[in-house]
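One chain, chain A, appears in both complexes that follow, with chain B as partner in the first and chain C in the second.
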Partner chain A sequence: MFRMILFTQWKWSRLAVLLGTLAAFLLPILSVQHAGSREVTPWEARMLLTSIQSWSVLYPTLATAIALTLALMAWSADHRGRHVYALSLPVPRWHYALQRFGAGAVLLIPPAIALLIGALVAAALATIPHGLQTYPVALAARFALAMAVAYAVFFAISAGTTRTAGYVLSIVGGIIVVQILTAAAGLDVHLIPFIGDRLLLWPGPLEIFSGRWMLIDV
Partner chain B sequence: MSHAIDIRDLQYRAGKTFEIRDLALRVPTGSLYGFLGPNGSGKTTTVRLMLGLLRPLSGSITVLGAQVPRDIPRILARTGYVPEQPHLYQSLTIDEALRFHSVFYPTWDWGWANELFGHFGLERDRRLSQLSKGEMGKLEMLLALAQRPELLVLDEPTDGLDPVVRRDVLGALLEYVSQQNATVFISSHLVHELERICDWVGVMDRGRLVAELPMQSFKNGIKRLRVANPPALPGDTPFVVLAREVNNGTETWTVRGWQPPMSQYFDGVGASLREVIDLDLEEGFVELLRTFRVPRE
Partner chain C sequence: MCSVLLSTALLVATIQDPAALQRRLAQVDALRHRASVVAARGDSARQEQLDTIRAGALVILARRLDADRVRRGAEIAWRQLDSLYGDEAATLAARPMMFWFVQRDGHPLPVYVTEYQPVLGDSSSTAADIARQLISGAATVLRQNADTALADWFGPLLFPMSPSPAEVARIYVELVTAPSAAVRRCYQSPPDAASCRAALGLLDGGDRVTLWFDADERRALVAKMSAMDRAGQRAESDACLLGQSDENCIAVLHAASYLEPPLSVEARHSFARAALLAGGRGAYGRLVRGAGRPVSQRFAAAAGISADSLVLRWRAAILAGRPKTVTLATASGWMALGWAIAFGLVALRSTRWR
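Right after this comes the complex of A and B.
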């Protein structure tokens, strides 16, 4: 049963998986194209780190994009059929949802492995200045974890009805409106930064997306 | 008599305009039960309630001896369902759809699926999104039958199909029923179709069950009577008078529950019965709905 569910999900999202895998492989290699020789000045080493850092924003972006696409594709066919087919299959609903979740999670593996291979290749090809280190495994692990977290969040939202999505958007919109109104009223309320910190800083659930996504670092 | 489907005191509401009230419905095991009703009468909602796709406000639903919604996976494993609208994954090919569907049903019969496949003339590599309405209808029926179900729930299975496809689909259904003694619950507004194949009939209108009886009783029980010298008021009749129309000194009565010995009633009231006219199921169905609606309009 799981194999067939995995097959359908692969069929629906294979383009996204293949493009995501290719991007994940190329991203670390492209990020080290400006790495110079072993003997560099501290200034040049700092410039290299700045260059690497400018690429680092692309890792969580790519992880989010892949996760979002796979989560949406996991349910899109069922949404189109108003879930009648899935609900008429002789499996408990939680079981079906779990299998769909698991199938999507399996499809996250190729981009994660591609990023690991790409990072290892980049680390091997690049000439790293003295005093700097490469972290291909840590970067790949962070990327895989970010994809898993984003996938879980988007899967839960996309599994719901249009009404659920409406509630989520309403909450987000409401927060933005409150922030604008309080700012207009001259009140010292920083709702969005407050929520952002709670989500993105330790021990927030999305902490994995912040921090340093560096293939080369001190 | 055991019942494959037993619904009692069912209440359901969708929005402010539609509700199912006090629905009680019993489908005898092994019967071909035709579920008739005009569009919007609540047929599809009833089907979805009995398969656990919707949750009722109250009441009980028992299907194949198991409770809905508690035992719904067990019920669905023994039930073939053809919904009103095609519900399969459109991006799959026919072959992929078959393989996907088969893994969920322990009783799936590949031998018979392949036989039906040839009989229906479907092509394995065609995408579902490319199928005509007739081909999709055949595929839906194939999937339902190859499960070897004890109960088939068919919601407007031949609606919009051409006569040739309709004959193929109903032929396969009847062949299966004759082999397996399965129960069939078939919802439709195509009265003539049900008249040919069903042995029980339930009539739904505005969320309520108007009538439920053997097809033979339904067909034979509704008559048109030509009556001369009719009484001004029919009084205590042994049958139900659905409608009266005056025609040149005689009256035409549409009645329900008619049996030949009841002609004595007319002697008793000084009238004479000139003619008893058989109505077909469609005419009976229309008359039944008309009389059901009169007191409420």
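Right after this comes the complex of A and C.
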């Protein structure tokens, strides 16, 4: 059953997977195009790091985009068919959802491997100034984990009912409204930064997205 | 007749005496200054009503209609100046500054504005902008107390600034990447304090060219110099670059008009702020009054600890601010995996089919 679900999910999302894989391979290679000399001044080294840093935002963005696409694709056919097919299967709901989750997770592997290969190729091709190092494996590991976390979040939201999605959106919207109203009232309440810190800092769920996503760094 | 000639000769000799000339010049200069101040006051009284604003030891003249804005900026500026320059900032009381908002219509500044230490601001300036301009003006005044050796070491004006993670990260990148043997010896563990001092330009003698750079770095430096910079040293440059002669590389670098220390102005200012912070309120005063001694010893006197301890303390602070790289801590990896599983479980427990 898992193989069939994996096959159908692959058919639905193969274009996204292939594009994501290609982007993941090219991203690290493009990010090091300005690395060209071992003897550089601190100013040139800083410029190189700034150039690489300007690409760094694309790694978590790509991870999120791939994860979002796969999570939505995993449930899109069921949503369209109002879950009649799934309900007709002689398996419990959790078992079916687990198969869908697993199939989508397997499809995250090609982009993760592509990024690792791209990072290794970029690290081999680029001339790294003295004192700087490359981090291809760490970058790929972080990319894979970020995809996994984002995929799980979007899969959970997508698996819920419209009402659940409405609750989630209402909570997010409510927080924004409260922040705007307290700011308008002149109150020193920093709700969004507080929640942002809880999400983005250790041990928050999105902590994996923070930090410097740089193939070349100190 | 003889007595007339004799007295004339004596008069000429007295006029030509350098010391007497200096005294007369000083008198003339003082008179000119007093006259210009009086003229400026008269000029300002005719044209503008000026308020005197005091914030700490800052004394600022500003037009009456600008006084409130300038006062707010002055209060911010004084807190920062006092935190860096300590007791020495009190000397600003004797040097009034004139704050003047530059008009957009391009009217020239009144003469009396330029008779004081002028501080110019844009008419759209906020209190923070005004504070920055006042700090710049005050730092210019305080820099006048420093001798040439100290002023050369500082380079641009030293502004009060709390160390930001971004600044520390930039200096860390310098420590790691600067093409200088002194910087590498400073960065390596255990560190060489003398090399750290040298990298910051705090030399107690010795040849900076050989203390800062090794032979390869010297050759690379010569190669990077413009043809104009090497114009007077063509033979030595060729011997350095083509003949790989280190002696000639050293000769070319010795002849260079200016050779920057391996660590940047930002790093040097960061070190200076750390030293002044360690030395307390009297630190800057001790620093500027130590003229004639090596700059490193003056910083040691200012901070109240040895120069080596000071640079090692500064180095430790920079290393502690190492930018967070992409490397993944094991705990972070497991935590991310845990969150992925947790959200997956939430999906399995969905209420859709209940």
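Just so we're on the same page, the second predicted complex is superposed on the first by the 218 of 218 C-alpha atoms of A that agree within 3 Å, B and C clash if a C-alpha of one lies under 4 Å from a C-alpha of the other, contacts with A are read in each partner's own complex, and residues count from 1 in each chain.
The rule is short, and it goes like this: contacts are C-beta pairs under 8 Å (C-beta built on N, C-alpha and C of every residue); 3 or more make two chains touch, one makes a residue touch a chain.
From a predicted model like this one, the values you see are computed outputs, not experimental measurements.
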item: Simultaneous placement of chain C and chain B on chain A, clash or fit; value: fit
item: Residue contacts with chain A in the superposition, chain B compared against chain C; value: C
item: Chain B versus chain C as contact partner of A:Trp12, first or second or both or neither; value: first
item: Chain B versus chain C as contact partner of A:Tyr151, first or second or both or neither; value: second
item: First (chain B), second (chain C), both or neither touched by A:Leu87; value: both
item: Chain B versus chain C as contact partner of A:Pro193, first or second or both or neither; value: neither
item: First, second, both or neither for A:Gly174, with chain B first and chain C second; value: neither
item: Smallest separation of CA atoms, chain C relative to chain B, angstrom; value: 6
item: Those residues of chain A which chain B touches in one complex and chain C touches in the other; value: 87
item: Interface residues, chain A side, partner chain B - complex; value: 1, 3-4, 7-8, 11-12, 77, 80-82, 84-85, 87-92
item: Interface residues, chain B side, partner chain A - complex; value: 51-53, 73-77, 81, 83, 85, 87-92, 96, 99-100, 103-105
item: Residue numbers on chain A that touch chain C, as the complex places them; value: 39-43, 45-46, 49, 83, 86-87, 93-94, 97-98, 101, 129-132, 135, 138-139, 141-142, 145-146, 148-149, 151-153, 155-156, 158-161, 164, 202-203, 205, 207-208, 211-215, 217-218
item: Sites on chain C touched by chain A in the complex; value: 170, 172-174, 176-179, 220, 263-264, 322-328, 331-333, 335-337, 339-344, 346-353
